[in-house]
Amino acid sequence: MIKIKKLAIMTSAVLFAGTVLTACGVSSASNDKITAVGSTALQPLVEEAANDYQKEHKNLSITVQGGGSGTGLSQLQSRAVTIGNSDVFAENQKGIKSKDIVDHQVAVVGITPVVNKGVGIKNISMKNLQKIFEGKITNWKQVGGKNIPIEVINRVKGSGTRNTFEANVMDGHSTIKAQEQDSNGTVRRIIATTPGAISYLSFSFVDKTIQSLSIDNVKPTDKNVETNAWKIWSYEHMYTAKKVSDDTKKFLAYMNSAEVQKGLVKKLGYISISDMKVKKDANNKVIN
Amino acid sequence: MEINKKILMPSKETRQERFGRTLSFISISAIVVLVALILYFIISKGISTFTDNHVNLWDFISRQDWSPSTIGKDGKPEVGALPMIVTSFSVTFLSALLATPFAIAAGIYMTVIGPKKSRGFLQTVIELLVGIPSVVYGFIGLTIIVPIVRTLFGGTGFGILSATLVLFVMVLPTITSLTVDSLNAVPKHLSEASLALGATRWQTIYKVILRSATPGILTAIIFGMARAFGEALAVQMVIGNAILMPKNLITPSSTLTSQLTTGIGNTVMGTLGNNALWSLALVLLLMSLFFNILVKLIGKRGKF
Amino acid sequence: MNPKVVNKIATGVIYGLVILVVAILAALIGYILVTGVPHISWHFLTSPAQSFLAGGGIRDQLFNSIYLLVLTLIISFPIALGAGIYLAEYAPKNWFTEIIKTTIEVLSSLPSVVVGLFCYLLFVVQMRMGFSILSGAIALTFFNLPLLTRNIETSLESVSSLQREAGLSLGLSQWKTITGIILPAAVPGIITGIILSAGRVFGEAAALIYTAGQSAPFVDYTNWNIFSDTSFLNPLRPAETLAVHIWKVNSEGITPDANAISSGSSAVLIIVILLFNIFAHWIGNRLYKKMTSSK
Amino acid sequence: MKNYNLNQQYVRDFAVENAIEAHHVNVSYGEHQSIFDVSLSFPRFKVTAMIGASGSGKSTFLRSINRMNDNVATVDGDIMYRDVNINDDKINVYELRKHIGMVFQRPNPFAKSIRENITFALKKHGIKDKKELDQRVETSLKEAALWDEVKDKLDESALSLSGGQAQRLCIARAIAMKPDVLLLDEPASALDPISTSKIEDTLNRLKEKYTIIIVTHNMQQASRMSDYTAFFHQGHLIEFNKTSHIFTRPKMQATEDYISGNFG
């Protein structure tokens, strides 16, 4: 027993010392390491791209982690990471000096209102949608659906999806206090199981358990986003410092290459940045 | 060597003892240092809402509007944490209250009255439950408990009641297994003596075993409440996670922990939005300290 | 009332509550197993995860969970053991000890995300450990320490003080009495504590997102060089555990079979915990028997 | 309870070699004092019994002799053993306890095998030779009159022994250390009459080799076994004399009342 314990202490001490040493060694010696942290929504895309990229660049090590857009940007700001992944423009994130960092838009994500299948409608006007989220319309029969009270599910304040939705739908009005959920998956499950529920999701999360809504008879499709006929969409950003290593530059270029844009981006349910016919700025204004 | 010389000189045992004491003291110090570090971290971050962002402490604990990134009508940021404090308090208290009788019953069964085989079975089941990720609890709550509450009590089904039921299942293993530990620690001869004096089994359990295990059971409850307090993902899915003052047990509301967890990734360190979340963590810490002391006081008064 | 009647009623109530507990717990575990086991296959256990295609497995996550558990126990058990011994045997009964105990209890109520972020800032960023299994293990140590310390303390205390006196009266140092006599007798209780904390390690997600990370990069299971980036044993590589994977698949996963992966993984988790449980009890019993020559 | 003048005592001084001499010993648990100024000497290779009602302080006094009170009570005064005051902070208590062994009121074998119960401490004290260990196991078990009962199951758990056997194992464990002095704290009080008489037989055989100090509230036991007897009352030493004198011609009223069952 005593021996076992001594052994355990010894091993842990050795392990600990060893790893701390290697930690210092690795992080100070090697330059070819990229860490991208931030948006959980963007993570799968960057991660997959990084995996493919590393197959051809064996010496490069890319770590992609989540943690949220705010975390990504603040860690970039303190230069603890190489790339900050974000669903929101840095200009719209409080506490971030957006002038010191560079935006790399790598994809576009469309967002659609979704409802529980039992509410009885498939289309809604922009005005009514706004009123529902304002709390002025409280029953589906007021918009031509069944007699079911409306249950609004919001996204978490400060999240990219909510920012985009509010900027394009709410027109400056504030949303009612309601449920707030922080992930697409959870929202989808709640919508699917709660009668009368309404929320909004990225296109790629819409499946047959829920009903997406057309707005003013415009369908939520990639094509409509590309032409801006469907207004509710936003960019996925990868922010970096102004001065970056060549490896990082090359990796970011790879993200915008046809290989990724035509391949992974589509497969993961995003809209390719190169297919967009319009551009938006941080204030949600269309600039061309 | 002469015995009288030997007993005046340090021996191997003296060195062993010094070594052992030092080793165990280092361990406890390590824990104390870790605790101190994390407490310092939370306190310093949590306080900056009031020191750096000049939020009024009273506003923080008495107001009901929470939206630190927006400026309210009175020109101050909306940082009223009252709804979350009330909800966290109720959820924790109710789930511990609900789980305790079950845990004590299960504990008594496992240590005193049940056959040995069933003890092992129950122990295993409890050990398994601790390892289920909270997301899974959340989803099961969402697909089973919320609809049941909705059908039975109306409303949306989201609210304190559903959260309490989910947390009840989550804290049950913790409370039960620590209760079992403390029941096991009651010396066997005490209960044997009681039975020998002609007391019934229940009298023995109630007057002898439970009484001398009281401090341990209270600690078990504290750890259970701690788990309930700190739980975010599961609660967040079934409570509705809306920052509203709970009117009853079946309207949506939100706990400190779930606000903290959902908000922290979307805010930038050093901003009011982020600091306010750390203040929530600080409140959580103080509340759990409060609970802890409360339970210990009850324990002291309850003993004879 | 007649004490015998009271006895009957009370026993009845206890049985009732216990049956209810068993029913709830069995239903819960049954539900997870029934929905999950059909999705478990050899392929599921041995292939890497997919982020957008169906048919992804959980090989790396499963290994990471186990490896993380091992590392966490290596770090936290010695500390908890020492601290438990201190609290049970050496600590003077005064206000200072009470404060230590209270703070440890309070520590266990901190939400995992707080501990996660703290460890992220201190270990991942400040101490440059990066997103790594080691950072994750340190974060989990924070969760484990209160429960494990407390458990070891009660297990030691539940060993009769007569044993202590016996040891001391033979001229053994207190330390040898504790490690040689008290500790072996406390092994079964301590094993329970280890199993419970192992469960916590398996089930924790929120703290790991910020420390061990939520990606499982390519690892080479034939690379035994602990310092190599691709080695499966490198404690400094990022590692997504099974619980984190379940969380990720459920919250942002877009694979068509997200539900199947999630319920399959949950069932695998339960089975792994069960196996660990059996294994730990087996080891514990052998250890106990060996040290106490009991049958 | 009758009131006796606790400051009156009769302590006879014998011109013999003493193993232990206690001078003006006071013991208190926090605020509560339980031993008052006791001076008492224990003759070498003799059995001295300490008798008295429950709470008279006899066990507390006994435990002070090998420093088992260290963490629970404060002991003042000098306790001389081989010309050393063993009630001194500088004393190596572990070494001391090797020479002053103790057997407790309730049998407390370790949760280990019968053999290991005896060898555990020996090994820790540096005896590694297997032959020597086996030898010690056998001799001490024989001395404790347990050998015949357990020689075939030395590797079974000691917890399987009956109360009387377990207590004899504890005695064997204590004498395997080859102590100088053996302290016995009511060693038979938790046992049935048959076990008790076996223990007494054992002790009777041991007294040639050890100085034995035994606490008991069984007066027959004291009169059967001991050479000297000390009577304690409410923390005070009331009378000390040859056992035969104490039981036939007690000098103090309290002693007389106690041994005649007229007490309180």
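By written order: A, B, C and D. Residues from 1 in each chain.
Rule of thumb we're sticking to: a contact is a pair of C-beta atoms (placed from the backbone, for glycine too) under 8 Å apart; a residue touches a chain by one contact, two chains touch by 3 or more.
The shown structure was predicted, so the numbers you read here are calculated from the model rather than taken from an experiment.
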item	value
Set of chains whose contacts include both subunit B and subunit A	C
Neighbouring chains shared between subunit A and subunit C, ordered by label	B
B-D against B-C, pair bridged by the larger set of C-beta contacts	B-C
Reference subunit D; chain at largest CA-centroid distance	A
Separation of mean Cα positions, subunit D and subunit C [Å, integer]	47
Where subunit A and subunit D are represented by their mean Cα positions, the distance between them in whole Å	78
Centroid spacing, where centroids are CA-atom means, of subunit B and subunit C in whole angstrom	17
Multi-partner residues of subunit C (at least 2 other chains)	78, 81, 160, 171-173, 176, 179-180, 184, 250-251, 291
Multi-partner residues of subunit B (each touching 2 or more other chains)	13-14, 17, 139, 261, 264
Shared interface positions of subunit D, touching two or more other chains	94-96
Chain-to-chain touches, reported pairwise for every pair that qualifies	A-B, A-C, B-C, B-D, C-D
Subunit C-touching residues of subunit D, taken from the complex the two chains share	66, 68, 94-98, 101-102, 104, 106, 108-113, 116, 120-121, 124-125, 155-157, 159, 170, 173-174, 177
Touching residues on subunit C, where the partner in the complex is subunit D	160, 162-163, 165-173, 176, 180-181, 184-185, 291-295
Residues on subunit A engaged by subunit C in the complex (per definition of touch)	1-2, 5, 8-9, 11-12, 15-16, 18-20, 22-24, 26-28, 35, 40-41, 43-44, 47-48, 51, 54, 61, 63-67, 71, 75, 78, 80, 182-186, 189, 204-205, 267-269
Subunit D to subunit B touching residues, read off their complex	81-84, 86, 90-92, 94-96, 99, 126, 180
Parts of subunit B lying in touch with subunit D, wherever the complex brings them together	2-4, 6-14, 17
